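Mind having a look at this structure? Questions to follow.
Labels run A, B, C and D following the written order; every chain starts at residue 1.
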Amino acid sequence: MISERAQITLNRQVGIDIWQMRLQTPQIAKAARAGQFVMLQCGTGLDPFLKRPLGIHEIAADFGVITCVYRVVGRGTGLLSKLPVGSQITVLGPCGRPWPQLNAAKAVIIGGGMGIAPLLPLAEDLSARGNTEIYLGANSSDELFALVDFAKCGNLRVATLDGSAGVKGFVTELLPTDLSATEIFACGPLPMMKAVAELAARQNINCWLSLEEHMGCGIGTCMGCVRPIKENDKIVYKRVCREGPVFNATEVVFDD
Amino acid sequence: MTELAVNLAGLTLKNPVMTASGTFGFGREYAEFYDLSLLGAVVVKGTTLEKKQGNPPPRIAESIGGMLNSVGLQNPGADEVIANELPFLQQFATIKIVNIAGGTVEQYRAVAEKITASGLADALEVNISCPNVKAGGLAFGTDPLAAAEVTRAVRAVTPLPIILKLSPNVTDIAPIAKACEAEGADGISLINTIAGMVIDLDNRRPFFANKVAGMSGPAVKPVALRFVWQAARAVKIPVIGLGGIMTGRDALEFMLAGATAVQIGSANFYDPASAPRIVREMEQWLEEHRVKDVKELIGALEE
Amino acid sequence: MTELAVNLAGLTLKNPVMTASGTFGFGREYAEFYDLSLLGAVVVKGTTLEKKQGNPPPRIAESIGGMLNSVGLQNPGADEVIANELPFLQQFATIKIVNIAGGTVEQYRAVAEKITASGLADALEVNISCPNVKAGGLAFGTDPLAAAEVTRAVRAVTPLPIILKLSPNVTDIAPIAKACEAEGADGISLINTIAGMVIDLDNRRPFFANKVAGMSGPAVKPVALRFVWQAARAVKIPVIGLGGIMTGRDALEFMLAGATAVQIGSANFYDPASAPRIVREMEQWLEEHRVKDVKELIGALEE
Amino acid sequence: MISERAQITLNRQVGIDIWQMRLQTPQIAKAARAGQFVMLQCGTGLDPFLKRPLGIHEIAADFGVITCVYRVVGRGTGLLSKLPVGSQITVLGPCGRPWPQLNAAKAVIIGGGMGIAPLLPLAEDLSARGNTEIYLGANSSDELFALVDFAKCGNLRVATLDGSAGVKGFVTELLPTDLSATEIFACGPLPMMKAVAELAARQNINCWLSLEEHMGCGIGTCMGCVRPIKENDKIVYKRVCREGPVFNATEVVFDD
């Protein structure tokens, strides 16, 4: 885990309310693995005080660079989008556990909304290993990004709620009745992940989900980011930033 | 050579910088960033007699210049802490302080006894900002009588130095600090978090299940400094100052206000290497100002 | 059309946004930025019986996310205020509220009488966060008995609505709010500033001559929300919420917590056009969320 | 008085710890007069909360531009120096009263340290009217700036404490025993201004000084920025931001 002062070398709008930021973070770029996230300072002074967790969208270790794609939803991301190139911010990472990729001979990747962002490094890792099906969904085509990059990594299908790109509907409606996959990796809104988890359970496929929770430290000390997780028939609070963000779908409690 | 060591209730801290309970876990995570032996003392997460599951999420909110938490003392309980957490800290040449909490006086006594018996703690910090079940949920630390009762109970079962951690949610800190002193506290620390509320406007409900949460971070510093100054004038036992300390300058300000040592809390979240950085910054300021011994600054505010 | 008007102790405010005493002068300077008739009410600078020279400089310090002030109620005294300041405000179609303060109960009574007699105020806001000379400098607002005494005294001499402005430097706000209500207060407003301290490290002295000053600004918002929520549950008279309000969303959060109206304080310094901007932002949020009448939100927190 | 969102178009170091910032503030540039100041937001979020008062160093109304020259002394100015070009900050101004220039047939301008900054627009105004003597002082040549600009406006003489530029010593030591001026304008450290005030009193010259105090609002409402000022044999607190920053030297109380 590294805390690094990073220069912003790109910060541009790539969709409605969606921005991409490139950061010069040599050490974090070197250590980062697919599925991990960073904690980003969103301003120059002590406001915003807490860093924002953002999935790592691209890792270019050789260039000492990572990128994040973020939606402007509140104050922090709003201020982040206004930082000009050349600004310096502190970045903490890589945080959390990466996607486990042991048996991913035939993998299915399912991303919804901003959940698409942290799936790209996984898709790239898996593309070398075998057959990857990639399903991405969003409200509309303006909120889809990195499609060209994903398409290079496997078989890509897209859904949008308004039908402006791909099939009209939820991303889960794209999925074939029989996935015949060894592993599912999903990130997106909770209802989407719930549907994916149920499907995986029915078809007995190992399924991994990436969760979100409000965070204090991002490294496991504040006990702030817990989610209820099943462990030996009991439900315990586990830290999204340390034991997560990736959990096995069978552990995740959806209705707390 | 600048002298940084301070004496605290019979313990010698190599420097006045400690970590604040609940912001440092049991030290493991920060040990990835630096050698914990650089610190004067480490105060671990609040430990209760039994395992505590804590409050449901969300537990963290941001405020301007600070944050609120409603962790609800999630911890594995005294036995687990003794078996699996405290041993890790023993490799570091720093003072180890266990922060304890309870819902009844009896629970405070029992957890103090267990931690003392383990031999793994150099001192206890007694968090009396917990809701007092009998007094209808008001914190022990808001009433001099309740504060005295907890102090007496813990004092009776441990020979370790005990530091009473006080709440800032009071009209007057002096009688509470004095009550702890009278019952044998070796020191007091303050401030714990300030009670605050966050509202989720769009859903028209309190953001935290518990409604009221605890505010910390640089936003609270002026309030903390005031309480530390008031408490230090009220008692003779050492005062440990905390609340919003982000820099070496902040830490030295608390010492001028009367603190013998300081604790670094939310700053750990802002910058994981805050605590050793603050030690360096203090040392640098002292050198620049030709102060040979940091102890010269304790309570040295010219009024 | 969204209904923004609220009723406050018999007065109709065209919208819930008022200015906070001491952050708005007597309105002249902000009138350079916008038409004061856009506001629900204007609360002017704290006015005392006699001219007050205030505290020596420096009077302002910054804290993280906020500020501290030690102005010490500098004002030209009730006669001057009546002769030269309040007439200016009469051109604006807004409720005019005069904030009054005193060091003794007798002074409160006398200034209330003068302002009432002038006919230039629609209501009085009684600041009881001033040091009570008799009670050794503790604020009237930290003691239910003293708060009751001031309320009774002012109530006896004025038919105008009186709003008691409470201090957040207390363990429990409920008994103080109730004491004011019982003595005939028409409303309460809170919070006044939080007592804090700033230390000038390099000179090893308190930054302010008075040592302790008052903290305000967005940093205090969670604390203010908590006090407003607690006070609104304790009394039936309307509560005016303030403390760190910067945006329309902030203002609406205070209303959910139980406030009938809100005051804009330090935000005026951050952005001189804050108050009318906040009115617009409130209206916009209400429209977006299809709330027809802002009064629906008062105390509408789902708990 | 205007509150304006301004783009930073230049922010460069011009001396040891001294920076120059150019701001796109069309309305303020149009309204500004020599001697007034602006309140500058020093970051992106709500920290720093208070704006910093800085004298207006250049007014280019036609280009909608002002510049300030500032010394990095604390958090606010430190953060200000780190804002990259392209950042947007809020600027409030023009604040305070300008230098009165009624009888300035033969004017003397005296600046010390950062007090030099707000004197340039005055020197420019006066250069059109007559004979202006300009005396500037600093600790060392690294802290002197805008000398070429000042030299265009009148007879310029310089002093530095370390002798690295001009005469070695205090700027007040440059002054001739008989100033024979109609008006003195001074801005700088209090001891310098005190010496100037005494000299003006001895020679019976009308003298104006620009004061500093910690500020809340910058527009006269908070009563935060007062200095003790003599008024009819009494000492009263007056607002530097409203009745000042320029006061007549005979009003100023030096030992409070």
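As a convention for this text, a residue touches a chain if its C-beta (ideal position, glycine included) is under 8 Å from a C-beta of that chain, and two chains touch if they have at least 3 such contacts.
As the structure is a computational prediction, the values presented were derived from the model and not from experiment.
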| item | value |
| --- | --- |
| Labels of chains that are neighbours to chain A and to chain B | C, D |
| Longest centre-to-centre distance from chain D, chain (CA-based) | A |
| Highest-count interface - the chain pair sharing the most C-beta contacts | B-C |
| CA centroid of chain A to CA centroid of chain C, Å | 46 |
| Approximate Å spacing (C-alpha centroids) for the pair chain B, chain C | 34 |
| Rounded Å distance, chain A centre to chain D centre (Cα mean) | 52 |
| Residues within chain C bordering two or more other chains | 63-66, 217-219, 246 |
| Residue numbers of chain A (touch at least two other chains) | 45-48 |
| Arrangement of touching chains [line / ring / star / complete / other] | complete |
| In the complex with chain C, residue positions of chain A that touch it | 45-47 |
| In the complex, chain B residues that touch chain A | 22-25, 28-30, 32-33, 45, 53-54, 56-67, 69, 71, 74, 217-219, 246, 266, 268-273 |
| Chain D contact footprint on chain A (complex, rising order) | 42-48, 75, 79, 82-88 |
| Residues of chain B defined as touching chain D within the complex | 64-65 |
| Residues of chain A touching chain B in the complex | 1, 3, 46-51, 76, 90, 92, 213-228, 236-237, 242, 256 |
